[in-house]
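Across the two complexes that follow, subunit A remains constant while its partner is subunit B and subsequently subunit C.
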Partner chain A sequence: MSVQTVLAPQAEKPVRPSFVRRYLPYLLIAPSVIMLLSLIAYPLLFALRSSLYFWNLQIAPQPLTFVGLANYVQALNAFDFRDALVNTLVLSVTGTAIEFAFGLAIALLLLKALPGMNVVRALLILPTTIAPIVVGFLFRYLYDPGGGLITWLLRVFGAPVPPMGLLGSPTTALAAVLFADVWQWTPFFAIVLYASLLSVPDEIIEAARLDRASPLTMLIRIKLPLIRRTAVIIAMLRFMQLFNTFDTVLVLTRGGPGTSTRTLGYSLYEQGLINFNIGLVSAMTWITVLIVNVIVALYVSFAFRNEEW
Partner chain B sequence: MLRQKAFFSGLTYVGGLLVLAIFIGPIVWFIALAIRPAETAFAMPPQFTFQPGLDAFRHILVNPGTNAPQLVNSLIVAIGAVALNLPFSVPAAYALSRFKVRGKKNIMLWYLGLLMAPPIAFLIPYFILITRVGLQGTYFSMVLVLQTITIPFSVWLMKSFIDEVPSELEEAARVDGARWYTVMWRITLPIVRPGIIVTSMFAFVFAWNNAAFPLVLSSRSTATLPIGTLGYFATSGVTWNFIAAAAVLAMIPPMIIFLVFDRYVVRGLTFGSVKG
Partner chain C sequence: MSVDTTGLSRRSLLKGVSGAALVGSSFGPLLAPSRARAQSSKLVRVLAVEDPFFFSMKAMIPDFEKETGVKVELESLSYDALQARLVSAFVAKTSDADVIAVDQMWLGQYLDNGWIISLNDFIAKDKDIDLADFIPEVLYSSNTWRGQIATLPVAAYAQGVMYRKDILEQFGIATPPTQTSEAWTWDAYLNALKSLDGKQFGGKPLFPTVVCGSQPSPIVHMFTQISASHGANWFKAFPTSPWNFEPQLTGPAWIKSVDIYRELYKLSPPEAINYVWFDAGTRFAKGDIGMFYWWTPYFYLIKNSGYMTGKKSDIMGKYAAAAMPKAAGVEQTISLGGWSLGVPSSSANQEAGYAFIKWATSKATQKKMALWPDLNYQFSDFARVSLYKDEEVKAIYPYLDVQYAMMKQGNGKVTRPPVPGYTALESVLGLTLNQLLTGAADPKVALETTNGLFTSILKGNLMIPYQKESFGDTLSEAKALISKLGKS
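Right after this comes the complex of A and B.
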C-alpha cells in the first residue's frame, strides 16, 4: 500500500517532461526567430523585387519599368562594382592574414609573463573598442598630408610620401585603409590567441621541452594545433567583418581616389544613398548576399564541424 | 646564463613598449588633438608639448553644445537596443542551452550568419520601409533595426553562460516538484545574472558603436554621436578639435566597459565561442 503511493507520482513523471520537451523549447526560441525573420525577410524580398525594375528615387517614388535581369547584368559589367569586389577580397584576405600574424607575435610576447606585462595586455584591447567610424577620423588625422603624425614619421625616416598624401594616391590608399584596420584589430587576435595559448596544458609544453623541441617547432607542431579551433573561429569572424567594411572607407576615402579603395559595402552605400539608384543597388545587394552566404556557409561548416551542441 | 636571461627580459620589455606605442600612441595623440590649441593641430613638425585646454569640449557640450543632445541620443538608442533584446534573447538562450531542440546547430549557425551579414545590404530597404510607415527619424526605428545585431549576439553569449550552470541544480528543484518556469526564473537566471550583465554590456558597446543604421534612419534631432562627428565634415572647414572631442566622448563608454569587464573580453568578442 505504502509502496504504491510512493510509486504512483513517479509513474506519472515522464508524461509531463515529454510534453515540455516537445513544445516548450520552440515556444521560447520562436519570438527571437520571428523577430529576426521579420526584420530580414522584408529587406531581402523588397530588394529581390526592386532588382527587377528600373527605379531611381530621384526620378520617381515608385518602380518605373520591369527590366528583368538587366540590373544584375549592369552591376556585374560595371567596372566600379568589379573593382569593389576585388578590393574587398584583397582587404579581407590580406587583412585577416596580417592581423593574425601580428596578433600571434604579440600573444607570444605577452606569454613571457614578466611583471608589468599584464598592464600591456589590459591596455592593448583599447583600439578594438573604438567605433570604426571614429577609427576612420583618427587615421585621417594621422595620414594628413600637411601635418599628420604618420606622414611626418615616414618623412623623418626617409620614406617617400605621395604629394597628395597616403590616402590621396591610388597606389597607397588601399594599403592605408588596410593599415587602419590592422591597427584596430591586431589587438583582438593578440588577446584571444594569448588567452587560448595560456590554456595549453603545462605538461604538454614540459614534455616537448624534454624532447628538446625548438621554440618554433613547439609553436607550429604543438601549440597551434591545440588552439586550432579558436584560431579558425576568430579568423572567420574577422574575415566577414572585413568583407563588410564600410564605415572606415566612408570617412577615410569615400572609395577613392578613383575606385582604388571602393569596397562592396561602400558601392552599395553610394548607389543606394547618394545616387538613389534603387533598382541597381538591389541587384548589387542580392549579389553581395549570395557571395556572403556562400562564404559563411563554407566557413561555418568547416569551423563548427565537430562541435557538440 | 643569467646575463642572457636579463637580455631577453630586456628585449621583451622593449617589445612591450613598442606594442604600447603603436597601439595606444595614436589614441593618446587623438585625445591630445581634443585638448590642444586649434592652431597647433597640424603643426609641422608635430608639437608634442602644448598648453592643454577644454575649449573644444566646451564648444561641443555647452556653447553651442552641438553634440550634447547626440550624446543623450546615443545613450537612448544603445540602452533601448539592449533592453528590447533581452525578452527575446534570454528565453531563446535558455531553451538552446537546456533543452533538446531539433536542428539546434542550424538555429545557432543561423544566428551567427546574421551577425556576419553586411548591414549595408539591409540599409536601403529599411530606409524605404521606415519612411513609408512614417517612423523615419525615430529612436524606435534604430532600436528595432539594431535587434538584427543584439539578439543573435546575446543569444550566443548568454547561452555560453547558461551552459556553465550545472544542470544538477535544476534537476534537484524539478525533483522537488518545481515547474520549468520556476526553475528558469528562480534558479538558473539568478545564477547567470552576472552573465546577463556582461552580455548586456557588450551588446551595449555594439549598439553604441554602430554608425550604419543611424546614418540612414536618424534625423537631425535623433542623430547619435558617430553621426554627429560625421556632421563636422559637412560643415565648411573641418574643425578637427571638435571632431576629436566628440570622438573622445564616443570612445569613453566602450573603453570603460572593456577595461572593467576585462575578464570577459575574449568571450564577448567571440560571442562566447571561445572561453577566455
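Right after this comes the complex of A and C.
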C-alpha cells in the first residue's frame, strides 16, 4: 500500500478591497436615500407625531397637549368628511376612467397617418403644461352664465343649463370641475398611450390582420394587453393626483355650492393653510394616505394578479 | 466587477450621512441671500396683500426711498397666500419681512403667539405720529389687542350702499339717505328692492340687487353686516370681560338676518351663489343691478369695468353711495375691515420697519395715495379723520362723508370677532349660509346645527371653557389707550 500525500493548494491570501471599492455603492445610493428620507419619510413621521397632539397655530405656536387619537376622531366626524370623501372618490374614479378612454381614442387616432398629426401631437402637450390654478380661472370664464363659451354652446345645443350656472348648481358643479380636469389631463394619457402603442411590434399586428381580426379585436386582444403595464401605471398616477385635487376646486367653487364639490384635498388645504390646525390636518393627511394606499394596493394586485410585479 | 460591502457598519453609515448633512448645512447660507440682506438697515422688506391700497402705496415708494435713503423691497400676495407665507415664516422662525400686511382677523393670533411686536413703545416715543388723528373705532377694530397697538391701519373699510340714481328715479323709488336714519331700515331696503323685481331697464332685464354667495369668507363678510345691524352676537361674552365663547347663533337676530339674506339672494342673479368679493362689485358695474351694499372701497372700484382695470365702467356718473340700512329699534353697528401694517418679531430691522409703517400711514402719504390718478383714482380708505375733511381729496372722492359716518358706527370686534380659531368658525358659518341660499332648510334648524358645530370646534380649540386671561376689549378701553400713548 502506498500512501500518496497530496498537498492542498495553499489558500490565497484574501485581498481586502480598497476603501473606495467598499464604500462606493453606499456613496452612490446615499443621495437617493437621504432625499427619500427627508422628502417622504420625515414629513410622514412628523405628521404622524403631530396628529397625536393638539396643535393649532391660531391658538398657540407649539403643540399644547397630547390628545391620542382625538384628531382622527374629529376628522372622521367632521361635518364635511363624508361628502368630501364621496366627491373625491367620484372625481378620482370617473376622472381616471374618462381621461383614459379619451386618451386611448386620441392615441389610436394619432397612430393613423393622417395629415396634420405632427401639429396635433405638439398641441396636445399644451394643456398639461398649464398650472391647474390657471386652468381653474380659464374655466371660470368659460362657465360664466352670462356669456361663457361652454354655457353658450350648451344652450345652442339645447342642453339645460341651471339658472345659477354650471358651477352654481349642486347637480352640475362637480361635473363642471371634472370636465376642466378632463380637458387638462386627457392629452397626458393620449401622449403616453401613443408612445406605448408605437412599441407594439408591427409583425404581430400584421399577423392579426392576416387572420382577419377586426380593429376592436386587435385593440382588446393585442394592443391593450401589450401596453397594459404602462396603462396601469399612468392610470394609477392620475388616480393619486385626482385624489388630491384642490387647486381647481379652490378657484372654481371653493368646495361649493354647499359641499357639492368639496374634496379631501380641499378640506386638507382649508384645515392646514386657512385654519392652521396642524394636529387635525396631520390626522387627515394620514387618513388620506391610508385610503389612497389601500385603493392603489388593491388596484395593483388586481391588475397584475397573474404575473410577477 | 464585484464589490465587497460587508465591512460597512451602521455606525460608518451614520457617520457618512452626518457628513453629508454637514456639507449641506455649510452651503445653507449661500441659499439664503435675502436673509443676509435683511441685516442691512438700508433695506426694508415689505410683504403686502394685493388690495387696492397696494397699488397706490407702491407708486409712492420712491418718495420714501428719496426721503430716507432706505431701499424698499415690496412684494404682494393674494390673501390666502399671504397668510400661508407669513405663518410658515413665523413657525420656521425665519425673517421673511420687516413690515407685513396684517388682516384684523389675524391680529390676536399673531400678537398672542409673539409673531409680531407691540408698537406701543415706538408710538409712545414718537412725537409726530398724531395718534389722535386716527379714527378710534378703526384702531379699536383693527389694531388693538389686549391693551397693545400692534399694527397701524394703511387702509380702513366700512360697509355702505351703492345705488343707481337713474334706475331708482325711473321707478319712483326714494333715494336712500347718506346718514343713518330710523326710517332707513332693512325692511325699507328690501321693499325698495322688491319694487324693482321683474323690471326691465334700458330694454334689458334688471336684477334688484346682488349678493356674495361664495363660501366661506365672502358670504360671511356680507351677511355679518346684517346680523351686526340686528344686534346678533357670536358668543355669550366677547369682547367684554370675562370672555365666554359659548356660541349664540340660535337667537332671533340670527334667524331674522338669515331670512333677509335669503330674500336678497332671491332678488340677485342666480349665479351670485358663487360670487366672491369683486364678483358682486363688477356685476354692479356691468349695469343690470339696481342697488347693493358692500365694502366702501367699492364706492370707487365700480367706476372700473372690471376689478382694478382702470377702464371706465358704463355706470360712471350714474350711481351714488348711501348709508347702510339699520334694524328698527337697534343701535346701528357697521362692519369694519381693512389692512394694517405690523413688524414681525423676527425682523432684524424693526426700527426701519416702524419708520416705513409711520410713513405709509401718515396723513401726507395717504393723501398722496388718494391723489394718485392711475387706475381711475382708487384709494380713499383712510383711517385718519383729517383726510375725510380735506377739500382737495373730497373733490375726487364724493362719498367721503358717507364713509366717515359708517366708520364712526363701526365695530369690527362684534361683527366678525377676531378670536383665535376664527377661520374654522367662519368655514362652518359660510357653508351653512351658502346651503341656506339654495336649499329649503329651516334657518332655525340650520343655525342650531351650526351652533353645535361651533361648540365642538371651540371646545376642540380649548376655547370653552376659556382658560387664558380675559381682557375688557371695548372701545372705551381702546380710546383710553390711544389717549395714553398719544400724550406720552
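Methods note: the second predicted complex is superposed on the first by the 257 of 309 C-alpha atoms of A that agree within 3 Å, B and C clash if a C-alpha of one lies under 4 Å from a C-alpha of the other, contacts with A are read in each partner's own complex, and residues count from 1 in each chain.
In this text, contacts are C-beta pairs under 8 Å (C-beta built on N, C-alpha and C of every residue); 3 or more make two chains touch, one makes a residue touch a chain.
Computed from a predicted structure; not experimentally measured.
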item	value
Combined model on subunit A where subunit B meets subunit C, clash or fit	clash
Contacts of A:114 with subunit B and subunit C, given as first, second, both or neither	first
Touched partner set for A:35, first subunit B, second subunit C, both or neither	first
Partner chain(s) touched by A:80 [first = subunit B, second = subunit C, both, neither]	second
First, second, both or neither for A:47, with subunit B first and subunit C second	first
Subunit B versus subunit C as contact partner of A:253, first or second or both or neither	second
Which of subunit B and subunit C A:26 touches, first, second, both or neither	both
Partner chain in contact with A:164 - subunit B first, subunit C second, else both or neither	second
Subunit B versus subunit C as contact partner of A:273, first or second or both or neither	both
Which partner, subunit B or subunit C, touches more subunit A residues	B
Against subunit B, colliding segment of subunit C, chosen among 92-100, 110-118 or 290-298	92-100
Subunit A positions touched by subunit B in one structure and by subunit C in the second	21, 24-26, 31, 33, 144, 146, 273
Footprint of subunit A on subunit B - complex, ascending	9, 12-13, 15-16, 19-20, 22-24, 26-27, 29-30, 33, 41-46, 87-89, 91-92, 94-96, 98-101, 104-105, 107-109, 111-114, 116-129, 144-145, 147-148, 151-152, 155, 180, 205, 208-212, 216, 226, 229-230, 233, 240, 243-244, 247, 250-251, 254-255, 257-259, 262, 265-266, 269-271, 273-274, 276
Residue ranges of subunit A in contact with subunit C within the complex	17, 21-27, 30-31, 33-34, 54, 56-61, 64, 74, 79-80, 144-146, 162-165, 167-168, 170, 253-259, 270-271, 273-277
Complex contact set, residues of subunit A against subunit B	20-21, 24-26, 28-29, 31-33, 35-36, 39-40, 42-44, 46-47, 106, 109, 112, 114, 116-117, 120, 122-134, 137-139, 141-142, 144, 146-149, 152, 183, 186-188, 191-192, 195-196, 230, 233-234, 237, 240-241, 243-244, 246-247, 250-251, 264-265, 268-269, 272-273, 278, 281-282, 285, 288-289, 292-293, 296-297, 300, 304, 307, 309
Touch list for subunit C against partner subunit A, complex	3-5, 7-8, 12-13, 16-17, 20-21, 80, 83-84, 87, 90-91, 109, 112-115, 213-216, 269-274, 276, 420-424, 427-428, 431, 434-435, 437-439, 453, 460-463
